[in-house]
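Provided herewith is a single structure, encoded as structure tokens, for subsequent inquiry.
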Amino acid sequence: MDFTLSPRAEELRAKVAAFMDEYVYPAESVAREQERSLEKPGADPPIVVELRKKAKAQGLWNLFMPDPRYGKGLKNWEYAPICELMGRSPIGARVFNCNAPDTGNMEILAEFGTPEQKERWLKPALEGEIRSCFSMTEPETAGSDPTLLRTRAVRDGDYYVINGHKWFTSGALGAAFAIVMAVTNPDAEPHRRASQIIVPLDTPGVKIVRAVPVMGAVHGGGHCEILYENCRVPVTNLLGKEGDGFAIAQARLGPGRIHHCMRMIGAAERALELMCKRANTRWTHGSYLADKSNVQEWIADSRIEIDASRLMVMYAAWKMDTVGKKEARQEISMIKVLAANTVMRVLDRAIQVHGALGMSDDTPLAFFWRELRGLRLADGPDEVHRMTIARRELAKWK
Amino acid sequence: MDFTLSPRAEELRAKVAAFMDEYVYPAESVAREQERSLEKPGADPPIVVELRKKAKAQGLWNLFMPDPRYGKGLKNWEYAPICELMGRSPIGARVFNCNAPDTGNMEILAEFGTPEQKERWLKPALEGEIRSCFSMTEPETAGSDPTLLRTRAVRDGDYYVINGHKWFTSGALGAAFAIVMAVTNPDAEPHRRASQIIVPLDTPGVKIVRAVPVMGAVHGGGHCEILYENCRVPVTNLLGKEGDGFAIAQARLGPGRIHHCMRMIGAAERALELMCKRANTRWTHGSYLADKSNVQEWIADSRIEIDASRLMVMYAAWKMDTVGKKEARQEISMIKVLAANTVMRVLDRAIQVHGALGMSDDTPLAFFWRELRGLRLADGPDEVHRMTIARRELAKWK
Amino acid sequence: MDFTLSPRAEELRAKVAAFMDEYVYPAESVAREQERSLEKPGADPPIVVELRKKAKAQGLWNLFMPDPRYGKGLKNWEYAPICELMGRSPIGARVFNCNAPDTGNMEILAEFGTPEQKERWLKPALEGEIRSCFSMTEPETAGSDPTLLRTRAVRDGDYYVINGHKWFTSGALGAAFAIVMAVTNPDAEPHRRASQIIVPLDTPGVKIVRAVPVMGAVHGGGHCEILYENCRVPVTNLLGKEGDGFAIAQARLGPGRIHHCMRMIGAAERALELMCKRANTRWTHGSYLADKSNVQEWIADSRIEIDASRLMVMYAAWKMDTVGKKEARQEISMIKVLAANTVMRVLDRAIQVHGALGMSDDTPLAFFWRELRGLRLADGPDEVHRMTIARRELAKWK
Amino acid sequence: MDFTLSPRAEELRAKVAAFMDEYVYPAESVAREQERSLEKPGADPPIVVELRKKAKAQGLWNLFMPDPRYGKGLKNWEYAPICELMGRSPIGARVFNCNAPDTGNMEILAEFGTPEQKERWLKPALEGEIRSCFSMTEPETAGSDPTLLRTRAVRDGDYYVINGHKWFTSGALGAAFAIVMAVTNPDAEPHRRASQIIVPLDTPGVKIVRAVPVMGAVHGGGHCEILYENCRVPVTNLLGKEGDGFAIAQARLGPGRIHHCMRMIGAAERALELMCKRANTRWTHGSYLADKSNVQEWIADSRIEIDASRLMVMYAAWKMDTVGKKEARQEISMIKVLAANTVMRVLDRAIQVHGALGMSDDTPLAFFWRELRGLRLADGPDEVHRMTIARRELAKWK
């Protein structure tokens, strides 16, 4: 048993931490201001563009990518604590080209893409020249139950003709392509019906209906509602084989959940830091908040819950790295539920300690509180994960 | 013991309910759209202006006002269930001229104002011609501890000269006047130091620094940061006597908390309704959500918590109406904590049942979830109320 | 709307309160000691026998009974606050002959019994000369799902022959008779299959297998496992008509739940009182516990939850009294869940404030904590009540 | 990073697991029965005596002892998962001579004892020939605040004369000696005032007032109230030096908390297993409990919380083993709070799934639920640990 990090991970973590301190945190409020006046939907605020260049120049780029041909080749458990640092800031992941859903798209392109697909889509994404999106969720059906998927891709010669209605296609504004989940084989067994197909967003028939306002706002590339109306894309845009859609989605989700969870832990750490600083300096009713036992309990519980969540994620990452994504399914489901709930509890306490300031956008707390709530729903709601966790547990005792 | 409503309250409740159904709910999305393109900050969206006229014409106006000279003269316990209905919609209270902080300002003007003050400020507010704000919270001090108040009003001949820094002065954009809490008697005992003074917002020296972005947005008149720099207002603008500031604030808070609480209960009822409708129609993993026992538990717990909260508020209102605000202090503190936490729990469940839709602004859930979080902080955070509740309880056994 | 109690209820409440102070609380530790050395299983400790005489002599007897022919004829909402007082002590209800399951048995005998049944069973129970038990729960089937009931009563001439396996027949040790729930009409629709039959416990074939040790102990008449093996009882022992079993059980449960809930609220009040007294006097880490904000929050939350629970129970009782048990079903389900969870939360906090003392039997806290946990299961577990509450709520929106 | 166990720990774990399956679980109900009729207070039930011989013969003995001179010399992180197994049964730890407070006493005797003390007290304790107790808690003072300690030991020639009032001296009935915490140097700085002194329980002046009934029962050696009245013990009975009392107590607590926590995790695992088995076989309202989503959520949350707690304990043990007890203080405080709350939540759910059976003593659930509640108080209540955790966290940001 050994809980220490590898030297290379420690070194990169230190570099990213220094970069965050020097460039990222000070840029947060500037980015927020700039975002309000962006002319091109989905574009990065200028300061983020600039920081991306800096990060790339320092080699702090694509650190998420486990395939050494395309990045540093860090194991998931090595990248995890670095990912946590990025999660401490609303703009962190984007600065280091480690933002969802691009990370997942790059991973599956690296793992399942043809040389041509890699050349055309993976390479510029790795370079940070294009953004992408992942088009799976549909408004009419529950996304966590894949047997309900309605979008269809019908083979027509060398083309697929895609028809469907998606929403919460995150990041579509300004993206170069979407990876679209569509039913290609309706008569196959449920988990072999769908395929993933690369759809350039300038394909005729792709209609971005709107960036759905989420929690009062549209950020970055938005969470878009999209109609695919007779979109024709060449069959060479198929990822993997026909019917591989769910398998690829699963492969994608493993590391993706580690990333999400570690970023949430980073946000929680940031919130705890802010909570402590505020408690140390805010005086009311005869003492500092730091001296009041209820605030102390919030801080202690936050520390406990964050540390427990982190250990769980590190363990899931380590297990995924050592015995494989499939064997680590239970752990990956568990961290999804745990981290998403932990961060909301910590944020709630941090807001309370900040009083009115906590409701304002003068700290990142209110932003995290709006944005991260969605992670109890995205990539499978808590309830579906709990169902699958329980079924595996129950099966042990049947 | 009798839990029935009075006939006049029943009648008004039915009218307001019908008005909500016919006009208010259908206007919500229109108002949301219109708000985005308002030219004048703090103005009402045109559809709200229109509905206000309709409501006034139907006599559904100023129902909150217990003084029969200025309204229907409903008791707090009679108005409470009507107020609940208004709380079901983000625009409800405003449509019926029952929105905070105007309600509280009108109440204290009615109770403590001079005839001149009533003529100049109360009358147009009752008519709905002007809006107002209440300027108490300061960024540097904890608002729940009144001994820390820093804003000063110094007597200079027939004028007060006010200097101070406030924020979260809700509704200041577009308002005609603020009621400002300021220290007039710094050497008096702590609760006799402050006074409430009417300050027209066009007074030289009033600088609205910004509408603080709260949960990502500025709505209506904003939660404003204001600098009062050598503002001179005539001494006749004093409300009550010098040193009455806290006493008037207390008088104001009693009914205000009943209103806040009942509106939150209304929002919770709306959320429960939406949750049930969604659960009845959303199919996943082999059944409707309505048939899953975890969703059933959320619905049952929501029903229990809402009903318990409502009974507590009704009891507090009844006690306030029968034995007075002071005697009902414990109950009023209790409902503040209870209702503000209840509504957040119900909203959290409702969002979860809605999935991605719950995060979007296509329902009022995400709006309520952002806006109502602040009510665990406004008018005294949970923690301060719990402290005072506990002290009263502990004192029984000393 | 009026939250005041009736004068007669106020008067009886004052009398019972005085009796509790003067006789019951001081007797608790004596009764606990005496219980350890009782020779006859199921008997009352001598001090309880004595207090029962006193209570009866003062007319504080059978106050639960709404039928004025057999008691004071208090409405449920009038009895409720008196019942709360009794619940403050582990021996309270028994002292006033208001203990379950005798209360429920007396009620249904009064409502459904023949004159002969009343003479033979009700009268001595009202006099406090005999005890009784209710034999419904079976070890092999879920009691909350009545369609699963297995115990059979087969008509044989003028007799029913009963065979079945029951447990958690509370109070059977020392009881004179059981009311047994048994299937008499297996081919009827589910809710018309069972009947309730009076079975004297000296009937041949009644075998009390054991008083099941519950939470480490057997108290009073025990929670007994009973085999009914070819028990023959005359058909005149049938309560009501064949097939009425579930209907009578429902009729019984309404008031029974009010009683249970109010007693739990009484226990919660006792716990809150003890918690405050302890907090006022226990010094640690530089202050009294009463001055620590976490303890204050426990006290405040306990006060809020208790008051909310009581209002809910009072409302359910009032509704049951005014529009009937059937119309009040939703409210009765809700209070069952609410009160049973409230009391456990309050007890948990009170134990924590008491430290090691809270774990000991030197206070009633540890006793309540063991005994009342069962009320989240008895008379339908939380989960079944939540299911029915949710179904009614969902039905509104279908 | 590596989460695998060492081969020797794996091997011992497998042996202990097999021993539990073959001997311990089947003996539980026998031991429970035998305990009721034990003649000598504090003695082991005959079946436990027998199993202890078996375990000793198999070398499954004193596995907790990190000092290789006295045991297997397992690191804390190696022993932890073995300790978990023992915690699965109420009699587990005792069978393997790994029960508190003997383990802690043996550890400090091994670390701080003189050769004579080791010969006289440690050796027979390791052999399992005697039992011991630890006498620190006092009824009048908060044990978590050591500055309040009242028991005095006054030097008188070659003797200490001890006077004091203790309670919750666990295991005193039948024990050979107590290690007593007493003030020897009242004028020293607070944490240097007390010493630990070995007091044979047959010393004149030691009066075991009573085994305090805890949660309705007295188990094993009881939680005893003891008066020390002019007890004279030779100064050679001092452990370490005068004034070392708190330092030794701290040294003792580190491993002790690991043990407590892992046993609680074992109890939680047992509860989860029972919950799953019950859910898989109990049918109600149209399905097995295992198919109901609320039960699934309890199971999933239990699995998550148990695994997170275990990782935290393993990490704390590993840190204690690699950088020392002092450096691991924060982690040790955190696991104390986390594990003690986790096990209670899991037990509560397991009881609920079992219905009436869960309240009975036919499963170990109700026993665990009564006994383990105390671990949120013992060795420092949750609140004190949270306070110290928070202070360390707050200090980072000052």
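Read from first to last, the chains carry the letters A, B, C and D; within each, the first residue is number 1.
Here is the rule we use: contacts are C-beta pairs under 8 Å (C-beta built on N, C-alpha and C of every residue); 3 or more make two chains touch, one makes a residue touch a chain.
As the structure is a computational prediction, the values presented were derived from the model and not from experiment.
Trainee: Any chains in contact with both chain B and chain C?
Mentor: For chain B paired with chain C, the chains in contact with each are A, D, in label order.
Trainee: Sort out for me whether A-D or B-D is joined by the greater number of C-beta contact pairs.
Mentor: Spelling it out, more C-beta pairs touch across A-D than across the other pair.
Trainee: Using mean C-alpha positions as chain centres, tell me how far chain C is from chain D in Å, no decimals.
Mentor: 37
Trainee: Taking each chain's centre as its mean C-alpha position, how far apart are chain B and chain D in Å?
Mentor: Roughly 53 Å separates the two chain centres.
Trainee: Just the number, please: Cα centre separation of chain A and chain D in whole Å.
Mentor: Those two chain centres are 43 Å apart.
Trainee: For chain B, give me the residues that contact two or more of the other chains.
Mentor: 292-297, 383, 387
Trainee: How about chain A: which of its residues touch chain C in the complex?
Mentor: So the residues of chain A in touch with chain C come to 292-297.
Trainee: What residues of chain A sit close enough to touch chain D in their complex?
Mentor: 1-6, 77, 272-273, 276-277, 279-280, 290, 293, 295-297, 299-301, 303-304, 307-309, 311-312, 314-315, 318-319, 331, 334, 337-338, 383, 385-387, 389-391, 393-394, 396-398
Trainee: Can you tell me which positions in chain C touch chain D when the two form their complex?
Mentor: 137, 139, 142-145, 148, 167-168, 212-217, 223, 282-285, 292, 294, 351-352, 355-362, 366-367, 369-370, 373-374, 376-378, 381-384, 387
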